[in-house]
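Chain nomenclature is as follows: A, B, C and D, assigned in order of appearance, with residue numbering initiated at 1 for each chain independently.
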Amino acid sequence: MTAAPSSPPPARRTATLLVCCDDRPGLVAVLAQTLFDHGVNLLDADQHTDVEAGKFFQRIRFDWAADAKPDPLEAIGNALRPVAEGHGMSWTLHDEASRSRVAIFVSKTDHCLYDLLLRHRAGELVCDIPLIVSNHETLRPVAEQFDIPFVVTPVTKETKPEAEARQLALVEEHGVDLIVMARYMQILSAEFIAQHPSRIINIHHSFLPAFQGGRPYHQAHERGVKLIGATAHYATTDLDEGPIIDQDVIRVSHRDSVAELVRKGRDVERNVLARAVRAHLERRVLEYDNKTVVFD
Amino acid sequence: MTAAPSSPPPARRTATLLVCCDDRPGLVAVLAQTLFDHGVNLLDADQHTDVEAGKFFQRIRFDWAADAKPDPLEAIGNALRPVAEGHGMSWTLHDEASRSRVAIFVSKTDHCLYDLLLRHRAGELVCDIPLIVSNHETLRPVAEQFDIPFVVTPVTKETKPEAEARQLALVEEHGVDLIVMARYMQILSAEFIAQHPSRIINIHHSFLPAFQGGRPYHQAHERGVKLIGATAHYATTDLDEGPIIDQDVIRVSHRDSVAELVRKGRDVERNVLARAVRAHLERRVLEYDNKTVVFD
Amino acid sequence: MTAAPSSPPPARRTATLLVCCDDRPGLVAVLAQTLFDHGVNLLDADQHTDVEAGKFFQRIRFDWAADAKPDPLEAIGNALRPVAEGHGMSWTLHDEASRSRVAIFVSKTDHCLYDLLLRHRAGELVCDIPLIVSNHETLRPVAEQFDIPFVVTPVTKETKPEAEARQLALVEEHGVDLIVMARYMQILSAEFIAQHPSRIINIHHSFLPAFQGGRPYHQAHERGVKLIGATAHYATTDLDEGPIIDQDVIRVSHRDSVAELVRKGRDVERNVLARAVRAHLERRVLEYDNKTVVFD
Amino acid sequence: MTAAPSSPPPARRTATLLVCCDDRPGLVAVLAQTLFDHGVNLLDADQHTDVEAGKFFQRIRFDWAADAKPDPLEAIGNALRPVAEGHGMSWTLHDEASRSRVAIFVSKTDHCLYDLLLRHRAGELVCDIPLIVSNHETLRPVAEQFDIPFVVTPVTKETKPEAEARQLALVEEHGVDLIVMARYMQILSAEFIAQHPSRIINIHHSFLPAFQGGRPYHQAHERGVKLIGATAHYATTDLDEGPIIDQDVIRVSHRDSVAELVRKGRDVERNVLARAVRAHLERRVLEYDNKTVVFD
């Protein structure tokens, strides 16, 4: 944005700590002290307590000189382990140098796929996308434009178990951390989902819990609503019932046919899905009680 | 807004024609010609065809010199009658000089009531409000501040039939055209509703059809949605299933307790209800197939 | 919505009539009658009167059997000519079978270009796009993906007159009706603009009239606004002062750096530009007094 | 949410710490440790660093048992003083038991006043409102309905200095912490403003910086914008140039006359002003570089 400095700034590395546990006094202090003791610099710290549920959540993003010896990240991990054990914390420490690996699952509809790939190329979604999986050939040319391997695993009632086995193998083989269902029009089996807890994001084309299931725009048109929406959520074994990450709506009127709802809805779907994926990649999402905490 | 004219403009009267019928060619022309033949001036004409349902809708607002002789409104009515019969039209002709009479039903919550009364006083809702009906004494002081009669009809399981009979008598006695349920926390009986088709507007504190029934903010909190909403609809015998007139939403987050949802929801409820009542009073709403056409 | 009809429906053609003139009684009637007399079927009729300015605006969309003899469209044009003359109307009659021809001007930024091309391919923007013009080579691969000729006309202070002459020649040669400046970072000369009145749409990356001129996101960040926006407008010789077609905003906070504003702004820019182009193509925009009427 | 506890919970007190200083390592840790050392419980901790400006901001809300001896709040203040000095912090420690005292300044328009008073009564704005000041008698009945003293200080060009002297004396006398200009149509003098830095909130009826100065709705109508807005900001000696606390917009169209813009704008004005006042009262606003940090 500004004039280039005369010499490069000392390179810095960045990491994010996410913590969730039962609420108790002193949690913020102990975490801040642990990080401070290792000489890192806090960039953002956000904390939330669900008083009713008695749950504590924190996200801390910090950086340090890339040439620091010894590497503070490993030391912090070692220091946090006993702290976390003592407080019954579940926690993750994410080194931003280690990019998430995302597989995108699609069917025939291209707007969410294009949106994710363009945002990825523009640097909005910091991750690697080692493969796109589909049950149809339709979107292969899109994948090719972006030089991403495209694998077709046709799914019929009979072949679904094999197709999912193949998909799981691909996911495994490519070291995938996150599956994004970008209008993938197949229902994943409970077995598939169980293998990727909180690691599958789906976009449903309605404002959930209104209009669950199939053909939500038809349902919305039939009911005569004045807003339509989209919902990004983690996939769970209960269809359309998973923890909601983000939602949005757009105004419609009596003038809008189902086809117009589909058209208007596309803009909402792609924005909501992209926001949810971005939040997940930036480690701003914590899941509990079938809900989410999404830090800004 | 601008400098006062040296002499008063010739007074004009205004009326609105609303038409609904099966679609067929020539409807716009025949209506426009009928109005033109009687020398009135069209201010706004909006038309919609639901191609799928084969339905035609039109709203025309027009004015004329108040001293025109003979009165064109009566003549237009006479001219429209055979036209409407020939085309199977249902139609209403509303003289703006004849103000609607609105009864507001409330329980203990005051935000929607205050909002309606303040908008009424500010001239945003052109109508008379001859009475406020409640099942509790709580809001009597509000009614008194605005000099509107306040009638309490206590409702228990046992007394409901009598209470409704009393309410219907009051509505009849005061020549009420429209009942607005401004967070009236009682379910009207099918008999009551049947006597006022398309003339009872209710505000439900959720984005219908999500979270029908009781305690919608608790339901929304439990589900972990990222937007909450409100829905104004005509009351029908199917609870929360009536034709939707307007809806809106507001963003919420994990930080919002149920109490916060209630607080944020109040702003949406009052705005949505006021918009729906205003649209109804301005004859911008047409109902069909359990949906609405709401002209701008 | 989906069941295939047993035989194809008789093909129909569709056209849109746009009218603007000084307000006077009978305009709606005379237009409706003229159309009715030629046997066409009105699909949508929207009308607006600016009482203060004394201006009348109407948009009528109608269809007819494609095999009607003689062609009603030509007959309607002939019938309207004397009517329009008598009432001082300016009018256009647009046959939807005759697609608009759109040239997109770009520089190095791809989000608006991709958005327009994807919407075009999805059928949201009904037009032909015979060429993309740029002052840089950067986006040639995008044009190639969509098989659209891409012409580079480099612009420097010295070569601007020649570059514009070349651009005008291209526009002429390809029969272009509408130029869309999709983040084209050059200011068109008054001469260029004068040759395409109301036929150049620009997207400015701020909520005009706030933050006119260069680097609007920097200006917005400096001022500390809580919403950023985008504005699509017809280009005029007064930079950023042309008639506004559409605008929208998105919420930002103290957490957003200029880079974040740029990122969030992209979503608003592309949506606003696409909506404006779509409205123009569908003949829903009328211009007067440096403002627009945009029918729904 | 609803089940009554068998015995009342031990009463707790709550306070908010706001800190602003040049960024440097260890700030979060030292603050968290200081609070933890005094046995209080953190409810919410939000932190922001403006990397470009090198500024650190933190808000921490915490509670403790009301019967704790010695009172931790005083002890925390004593402990923070040297810390703050060492780090060049500016800070405030706000005991929620000590309610802010707010004076509302109005002229003749009642919608913002009513809105503030109703929200105050509903518990949305936790403060005392010891007086309402106006340059007109118009709104005295509103003040009386809410039992709040109403003082008229007529302002003419000649009497403005005396009027302001009287206003300042009233503000002093009533121990006022915050002045809310709820559509008070007078410009405060630089002297007046200087005596209440960051303690005067004004609502401007446009999306600043668009349409500064008088008659913003007329300006907006003239320009033909498609959105109108409102801006709540701290008053500074540069009119309409103070730090923005909150803003919002609403969609308008060619159908909206200036009077309609005024009507629609009222809803935005009152909501934006109320949100800004609430944020200020909850100590969620920090001011720097003529901008604000507003924590969620």
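One rule holds in what follows: a contact is a pair of C-beta atoms (placed from the backbone, for glycine too) under 8 Å apart; a residue touches a chain by one contact, two chains touch by 3 or more.
Note that the structure is a prediction, hence the values are computed from the model and not measured.
Undergrad: Of the chain pairs B-C and B-D, which one is connected by the greater count of C-beta contacts?
TA: Of B-C and B-D, more C-beta pairs in contact link B-C.
Undergrad: By mean C-alpha coordinates, which chain is most distant from chain D?
TA: It is C whose centre lies farthest from that of chain D.
Undergrad: Measuring from the mean C-alpha position of chain B to the mean C-alpha position of chain D, what distance in angstrom results?
TA: It comes to 36 Å between the two C-alpha centres.
Undergrad: Report the inter-centroid distance (CA atoms only) between chain C and chain D in whole Å.
TA: Computed value for the inter-centroid distance: 43 Å.
Undergrad: Please output the residue numbers of chain D that touch at least 2 other chains, ranges allowed.
TA: In chain D, residues 1, 44, 48, 51, 253, 255, 296 touch at least two other chains, as defined above.
Undergrad: In the complex of these two chains, what residues of chain D are touching chain C?
TA: The contact residues of chain D facing chain C are 48, 50-52, 207-211, 223-227, 229, 243-249, 253-255, 257, 289-294.
Undergrad: Tell me, which parts of chain D touch chain A in their complex?
TA: 1, 25-30, 32-33, 35-36, 39-49, 51, 296
Undergrad: Using the touch rule from the top, collect the residues of chain D that touch chain B in their complex.
TA: Residues 1, 44, 110-111, 114, 118, 122, 124, 145, 218, 253, 255, 258-259, 263, 266-267, 271, 296.
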